[in-house]
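Below you'll find a set of structures to go through.
The two complexes that follow have chain A in common; it is paired with chain B in the first and with chain C in the second.
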Partner chain A sequence: MKKLVSRSEFYLFLLILVLGAGFTAANPKFLSLQNILDLLKSYSFFGILSVGALVVLLSGGIDISFTAVAQVAEYVTVAVILQYGGNLFTAFLLSSSIGIVLGLINGLLIHFLQIPPIITTIATLNLYFGCLYVISTGNIIYRVPKFFEDLSGTMLPGGFPMVAVLWIGVVIGTWVILHQTVLGRSIYALGGNLIAAERVGFKVLYIRLFVYGFMGFLSGFGSVVHTALVQSAIPNSIVGHELDVLAAVVLGGANIFGGAGSLAGTFMGVALLAMLGNGLTLIGISSYWNDVVIGIVLLVGVTFSSLQRMYLAGRRAKVVVEEGAL
Partner chain B sequence: MSEPPAAQAQDVFLRLEKISKRYGGVTALDQVSCSIRKGEIHCLAGENGSGKSTLIKIISGVEHPDSGSIFFDGQTPRHLDSTESINRGVQVIYQDLSLFANLTVAENIALPRVLARKAIALRWSEIQRRAADALKRIRLEIDLQETVGNLSLAQQQLVAICRALSGDVKLLIMDEPTTALTRKEVDILFSVVLDLQRKSISILFVSHKLNELFEVAERFTILRDGKWVGTFEQRDLDARKLVTLMTGQEVASDAFWPGLKDREVLLEVRSLSKRNNFKDVSFQLHRGEILGLTGLLGSGRTELALALFGMNRPDSGEILIGGHPAQIHSVQEAVRLGISYVPENRIRQGLVIGQSIGSNIILAMIDRLLNRFRLIDSMQRKQVIQFWIRKLGIKVQDPGLPVETLSGGNQQRVVIARWLATNPKVLILDCPTVGIDVAAKRSVHQLIRELSQTGVGIILITDETGEALNNCERVLLMRSGRFIACLNSAEETEWTIQSRLEKP
Partner chain C sequence: MKEFFRTHRDLLGLIGVLCAAFLIMWGCNPTRFVTLNNLRSMAFQLPEIGILTLGMMVAMLHGGINLSIVGLANLTGITIALVLHAILPQGARGEAGSWLMLVAAAAGFFVSLLVGFLQGVLIGYAGVSAILATLGTMTLVNGVCVLITHGSTLSSFPDSILFLGNGSLGPVPVPLLLFLFCAAVLSIILRRTTFGFGLYMLGTNQEATKFAGINNRVILLRVYLLSSVLASIAGLVMMGRFNSVKADYGQSYLLITVLAAVLGGTSASGGYGKVLGAVLAVVMLQIIASGLNLLGVDPFFAIATWGAILLVVMALNHFLRARA
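After this line comes the complex of A and B, so read on.
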């Protein structure tokens, strides 16, 4: 119990409960099964991206470019399939492959050129997105193959949306990697202490390639879900939301400097943002207020975990003072 | 001197031959040779900047020598990197411990071994078992599930030792292993070390504090200024001789005490206390005095200095400046009251790396260079910079160059210059000669003495008791947050001080 209380996820969970209760009191529709399933569905793409962003943050890195990677993977996949034909499987295969390649480029640049990852990925965000714009000349593809629509409409018995199943699958798969493989613990170790990781013999290059490649993979994989949800391929529909995703992950308790964070926290970070957007609409507050409220919640959440860290650091004795007479 | 003849070669695990290493223009190691026998407890001794850590980095494959050869069991590895060195059985416990503060004790100990097996799936039972075994080996009880960042420094050190021992180790190198340990923990460490020796594992201690290591080490290799001074059997050495060999000078040969008679009190501290920092601390600092303050890491000395500089507010007690009670709540107030602090880690806390030498000098007094438009007066700026560069004899071609182009000793002068430019009455120097070579060290000492003669009161915090004895008339000893003694340097030796600093 003491351990539970010391974790920031616990307070996030409480916050979600309080907010949920508040929204439900104002509008009982909020807690309806249908609303929750709708939320799971519409945030499945966002949720998949947040998992990738968490893994990058855990390793002590950061990726800004993943929205551009998803954008490129989405547009190219839809265009290629419209031209040459294909099915859902080839769509996932193609867009995931594009994502992995672009992610690996990020990893290689960061490792070999020793440029801070934030700068590298801001550059590649512009590069990937810019290339897409040049090639597509900004053309919107309004009609996407029907199997995308089918994916979006597929429900498990009970009305559970298929795309949310994919999201949950990604979370479980990533949990296995993070907690049941040596690679997963290496990611935590690298994020905790880079120099020690090198000295102990971790292969830093491989870990970095995996981390950024995995982010790319999830961006590509998720972009198929995105296409299914919006039923079109618009070249600028994803880029611009990268900071929202990172904010959700940090709100979920991940340390921006690496080494700490959890999938449960990330899920709750996404859930909180989703609830706010949806709840404010349901209780009739103009959507213009959305960003203001989200900004405030982010500040409060991050301040809280920072205060908690300072409190813990202050309690740890710097000097063990001898009491009594000498 | 006892370099083993060739006939004993099969007893030697590691042999270094004429290793040289230069960093830029500085020679870190100059033709150093030594050998470590199997199952031997060897001590590599030398002052800061003598080349000990460079030698360790070369043995562990982190750095490559410019010339010379390394033999493990008589063989030279074709390419010695850190993985190769680990495979040859070399384990290093670094001074910074190189632990993963965000992982559990069990993971810290066992992960490197699992990694070496090239395993993909993680078996938590295996992690648990390996870690428990390693802890048992040194009879240590720590919760395996505890996060390492929550442990005390001493416990962390023991975890680092466990990790090193969990592999197939033939040579264990420990960089300053006893610094943060209590006497009881040191005893545990030594019993482990003797245990390892019986298993034919060689141990290399790297240290500049030798009183404890004297008990267990069989041979000492001494470095000074990157050169090999000699390798000695323990029976041929005593403490005094060792210090003389390390420093290259007779102890206390150039002691300097200005005398305190009838001097005005600049700073007085009356039973200053802060929870978990220091307790009931009182002292007086006189005009022109160099007051020594020494204690082990974690004794509270730096916390006390920060309290005087407005960065660590005390819970109770009084600070008097020139006889008047003063509340020092911020660095700005401390500077206004004439107190300056030169921090221990000049790179992290002192210098603005990337900025020019000149900018670094004027940083703390920049508000006194403003003209009537509240802009920086560039003529005055130039004059002030030139004045201090000349005054402190900083060797510099162009004050516009980045500060990191200077040598360690000159960087330290820049930091001191910055605080002198604020015209302090009290100057607190926290370990001003750490990590700089012997010549630079002497020139910093010279500078401190000259300053004291101009009437500045100086508190010299130091790890090296020799430094305190040579420069200070009175030395305050701090242990566990308390002042345990105020010594008269004339009546003390390094030995008497060292033994009092350690916990009983």
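After this line comes the complex of A and C, so read on.
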């Protein structure tokens, strides 16, 4: 219990419960199955990206370029399939491969040039996005192949949307990697202390390549879901939302400096953003308030967890001093 | 002489790249690049990003970042516009009394300083990391901008504001003068005051600075106040140049300012960075953008080029340092 109370995920969960209860009391539609399924569906792309962003943060890095990676993967995939034909499987294959390649480029640059990840990925964001815009000349593809539409319309029995299943699949797969493999533990180790991880014998290059490649993979994979949801390929529809995704992950309790964070927290971070957007509308508050509320929640959240960390650090220091006196 | 080259290697390298970019663009556009018209239009375009870059750089010097600068620039513009529209019933076109302008501008700067104060308190006193504190305030500020304007564009301002964005003194554009003025003042603050000295120390080693008897918290508070002021000045320039304000103007500038600051030699982990470097970097980005524009290339190609140049410069730096 004590351990639970010290975790930021616990407070996030309480906040979600309170908000959910409040929204439901004001408008019972909020808790309806249909509304929840709709939210799961419309946030599936965002959710998939947030999983990748979490893994990068865990390793002590940061990736700003993933929106551009998703953008490139989406546009190129749709354009290639329109030209040469293909099916859903080739779409996933092609767009994930593009994502992996662009992600690996990030990883290689960060490792070999020793540029801070935030700078590298801001540079590659501009590079990828600029190149895409030049090649596409900004043309919007309005008609995407029918199988994208089918993907967004596919429901499991009970009306559970297929794209949300993909999101959950990504979460489970990532959980297995993070918690059941040496690779996963090494990601946490790298984020906790780079030098220690290196001394213990982890190959930092491989971990970095995996982390940024994985982010690229999820950006590519997710971009197919995005195409299915929006039924078009617009060359600037994703870029610009990179900080929103990071905000969700940070709200979910991930440490921006690496080493700490959880998939459950990230899921709740996304859920909180989704709830705020949807719930405020349902209780009749104008959507102009959205960002104001999200900003306040974000500020309160990061301040709270920082003060909590300072308090815990202070208490630990006190214990050490007392033990020293004995 | 050798000593001079060694201590100013980064800056000299930057000047070299700048000259190369200038000559290449001149070579590509032999008749159109070095004309009074083109140079003037470049001088009108670069101050917005330039002043924002200075605001970003100040935050990066302590090892932080300020993601809210573009939001603050918009917030300043919108506040000024709303105050003017509220006091002048038929819109704020034409000439407004100077006292009225001062009241409006004071309101705009005040709101922005308030946010800067909040950031300083969060980062300096509550120990929130700069990236998170400014991410939160960025969302909040953008949200407030959308809320108070309902996402609409406010336009037509008094001549005195347009003068800041579009006016010239002789052949020299006013925004360029503002940019150079900001750069000069910032340079003096950073190099000649105890605050500036403390800021560089803080960026290099936080613990050591603390034990050296410097009040880290006060420095951080001042950093974000200073960054807010610079963002507000950029907001004034944008307002005058576009003759309108809107909640989502200049969103793409944000990451560009980080890119420009780093290109200018500011370290992302803090402690290093010169105003002159940032100014040169901004000028270089503008040379590339304008030169490519004259060639009729897609403007997004310039963005791709900026990203590539940053990577190349960082790579060169890395290899040169490894060899030294």
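Methods note: the second predicted complex is superposed on the first by the 317 of 326 C-alpha atoms of A that agree within 3 Å, B and C clash if a C-alpha of one lies under 4 Å from a C-alpha of the other, contacts with A are read in each partner's own complex, and residues count from 1 in each chain.
By definition in this document, a residue touches a chain if its C-beta (ideal position, glycine included) is under 8 Å from a C-beta of that chain, and two chains touch if they have at least 3 such contacts.
Predicted model only: the values in this text are computed from it and were never measured.
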Ask   = Is A:G99 touching the first partner chain B, the second partner chain C, both, or neither of them?
value = neither
Request  = Kindly classify A:G184 by the partners it touches after superposition: chain B alone (first), chain C alone (second), both, or neither?
outcome  = first
Inquiry  = Looking at A:G277, would you say it contacts chain B, chain C, both, or neither? Reply first, second, both or neither.
reply    = neither
Task = Applying the touch criterion given at the start, work out whether A:R199 contacts chain B, chain C, both or neither, answering first, second, both or neither.
result = first
Query = Does chain B (first) or chain C (second) touch A:G107, or do both, or does neither?
reply = neither
Ask   = Which touches a greater number of chain A residues, chain B or chain C?
value = C
Inquiry  = Just to be sure I read the superposition right, which of the two partners does A:D291 touch: chain B = first, chain C = second, or both, or neither?
reply    = second
Query = Is A:A260 contacted by the first partner chain B, the second partner chain C, both or neither?
reply = first
Task = Mind sorting out which residues of chain A both chain B and chain C touch, each in its own complex?
result = none
Task = Please give the residue numbers of chain A that touch chain B in the complex, ascending.
result = 179-186, 188-189, 191-193, 195-202, 259-260, 316-323, 326
Key: Touching residues (chain side chain B, partner chain A) in the complex   = 60, 62, 82-83, 86, 92, 94, 96, 98-103, 107, 111-112, 114-116, 119-122, 150, 275-279, 298-300, 303, 479-482, 484
Key: Partner chain C, residues of chain A touching it in the complex   = 64, 109, 113-116, 118-120, 122-131, 133-134, 137-138, 240, 243, 246-247, 250, 256-257, 288-296, 298-299, 301-303, 306-307, 309-310
Ask   = What does chain C use to touch chain A in their complex?
value = 65, 67, 122, 126-129, 131-133, 135-144, 146-147, 150-151, 251-252, 255-256, 258-259, 262, 268-269, 297-298, 300-308, 310-311, 314-315, 318
